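First chain A sits with chain B, and in the next complex the same chain sits with chain C.
Up next is the complex of A and B:
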């Protein structure tokens, strides 16, 4: 019996979320370290409140990128060849697998990024812009893009000895449009300007990554078996 | 050349396959990994209703042969078909759902319970979750359904991995050292899996270093040495 694309993707996403909740790595390891990292700049520079407020958005996105990569790349790293082979033999569409993995990573990443706003408000005396739902939209779009990019980078480097260093190196430069779009959106929100241009940058980057992921899914699966 | 043959009893309603096409047909298939030959000009045919064992020492190329038949490994030489699809051809992914495979290491997720692992396998293949529970009970693990895979013994994991193959009805079943870590009682699961598959006009390819053990399960056993079927 053939299982539909979205149902398959949902099953894979549920599996990944369940594994993530059980291992608790995002909550007990990645998030605390991200909080500590966000504290480093105010602690080390003893900067003025005004300077800290200016630093808040770039530091926030930098930490989200670095710790987000850990979350996303860990998910592809823990899957064994035997598990990938067994999945392929279920007749699962590799594109659905990509969608499911990215969806689960995106949700975990959005949760980590959303919660990271709290220490940034505390340590940087950051005043979040009034449009909270717009800020949430920006975080969601950025998290979705980073998740798809991480899933792709993880799949491209499967089986390589240098994978742990190569995957982040591959991911970081390609994340520039996402980081630019996200950081500039928040800057524009704070300044009371329109964010439509930067949101469009995020949407286009997400669509490009989704297309790349879906189109390369079959070829990447063949390499990984 | 077979080193052992065994006649398998067929159910009275057994009908020979309508098609003459073999389920697996490898012609002079070779595989090199990192420049080193692992398989050399292997010829292998598996007809519907047939079970074949491949015995040989460690490093003989048995698992690689299984990987080729499972369509995981692309041959570097020769040609062949699996379930009618050319190896490394465009139709290969389409026939994968008819292949059941159990490798050296169980393909279970350590953070999920045995029940959740089997439920996932059942749902992804379009079966109800109850099917996962049923096969888990069938292999004697009904009471262990709520235990996380990471806390199970190797024998329990092997049983659960074999239960995965009982969810559907794969036409081609591939088993790599299936009895490793299993007790005598659990070996009956392998026997059941092989008999069930061959009775339905499927085929089974089973590899092991133990020819005597294989001969108890399959129709015939061939030997493999240094990448060649001898």
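Up next is the complex of A and C:
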């Protein structure tokens, strides 16, 4: 029986989400760690309330990037070679695997990033812009991009001894267009300006990453086997 | 023979470029510091070209699986990293007397160029982790194809953000420079492009030799030996 692309991707995403729910690592380890990081920054700088408000958005995106990398790269680290081989033997489309894996990582990352807004509001006295749905859209687009980038970086470095240091080194600079798009979108929202240019930057970056992921899926599968 | 001719040609072109750079008039505001730009701008241009070729080589490998594409991608990335470093260094040297600082975070071009530099350092680091040429090509081709997204970001950064860096000098509506300066800049652009072509050809040839040497050094696959009694190792 042949399973279609989207159904295969959905099954992979569902499996990854189940693993995540069962282990609860993103919620019980990564998220509290991210909250601690957001709490340490004001302590370390002894910042004034005004300065803290200015720092809120950059610190938020920095923490989202760093802890997002942990969430996304962990997803590719938990799978063993035997599991990957078994998946390949089922005839699963490698592009569907990429889509499913990125989808699941993106959802987990969006949940972590969305929840992280709360401690930033509390600790930094941050006043989020009106138009919560636009803010949610920006977070979702950034999370999708980071998830795809993380899946690519994780797959490219799979099986390497230097993986834990190399994958973030590859991912962080490439995430710059996403972070710039996201940070500038929120800044424009706060200033009451149009965010269409920056949302376009995010959409183009996401589409580029999706194309790269689909195009290189076969080569990535070969690396992982 | 053709390789040598190209090397000689690029040497001559670099000499001509250097003479024009030193004989062109000083800038009204920047004075003689403008001469740094005759190295800075061609280096930046070469970096863009080199990373574009890396992306083309990576995509070419993904589609054809021919190692020549991968060799070109690697060689071009190495040259690109070298020239990005030169562009960054000359930019900073020029920035101190003209802007008053080596580094300014308000300059989007500077920040995005540094990011591009780190992306390709990561690309080269990734290549060093794998000795098997085919596996190395598989890993790095994906990154080489994705990393090129930095190039338009760096190029258009002066348009996307309000930045300290000057905008585009050569535009469709004309060139905002004196004729002698344009000549010096163009001569150096041509010379650096020739130098890039020379380095690319030599580095690609070297990569081919390295691969051949590595395959000769590789041990034969687990030879089957006749079992003998009394020879077990302690």
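Note that the second predicted complex is superposed on the first by the 225 of 225 C-alpha atoms of A that agree within 3 Å, B and C clash if a C-alpha of one lies under 4 Å from a C-alpha of the other, contacts with A are read in each partner's own complex, and residues count from 1 in each chain.
Here is the rule we go by: contacts are C-beta pairs under 8 Å (C-beta built on N, C-alpha and C of every residue); 3 or more make two chains touch, one makes a residue touch a chain.
All figures in this text were calculated on a predicted structure; none of them were measured in a lab.
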item: First, second, both or neither for A:11, with chain B first and chain C second; value: first
item: Touching partner for A:87 - first (chain B), second (chain C), both, neither; value: first
item: Partner chain in contact with A:208 - chain B first, chain C second, else both or neither; value: second
item: Chain B versus chain C as contact partner of A:22, first or second or both or neither; value: first
item: Which of chain B and chain C A:127 touches, first, second, both or neither; value: neither
item: Partner chain(s) touched by A:193 [first = chain B, second = chain C, both, neither]; value: neither
item: Contact residues common to both interfaces of chain A (with chain B and with chain C); value: 222
item: Chain A - residues contacting chain B, complex; value: 1-3, 8, 11, 15, 18-19, 22-23, 80, 82-83, 85-92, 218, 222, 225
item: Residues on chain A engaged by chain C in the complex (per definition of touch); value: 149, 152, 155-157, 160-162, 166, 169-170, 172-174, 176-177, 197, 201, 205, 208-209, 212, 215-216, 219-220, 222-223
item: In the complex, chain C residues that touch chain A; value: 59, 62, 112, 115-116, 118-119, 122-123, 125-126, 129-130, 135, 138-143, 145-147, 149-150, 153, 160
item: Residue ranges of chain B in contact with chain A within the complex; value: 70, 72-74, 93, 96-97, 99-101, 103-109, 111-112, 116, 120-121, 123-127, 148, 164
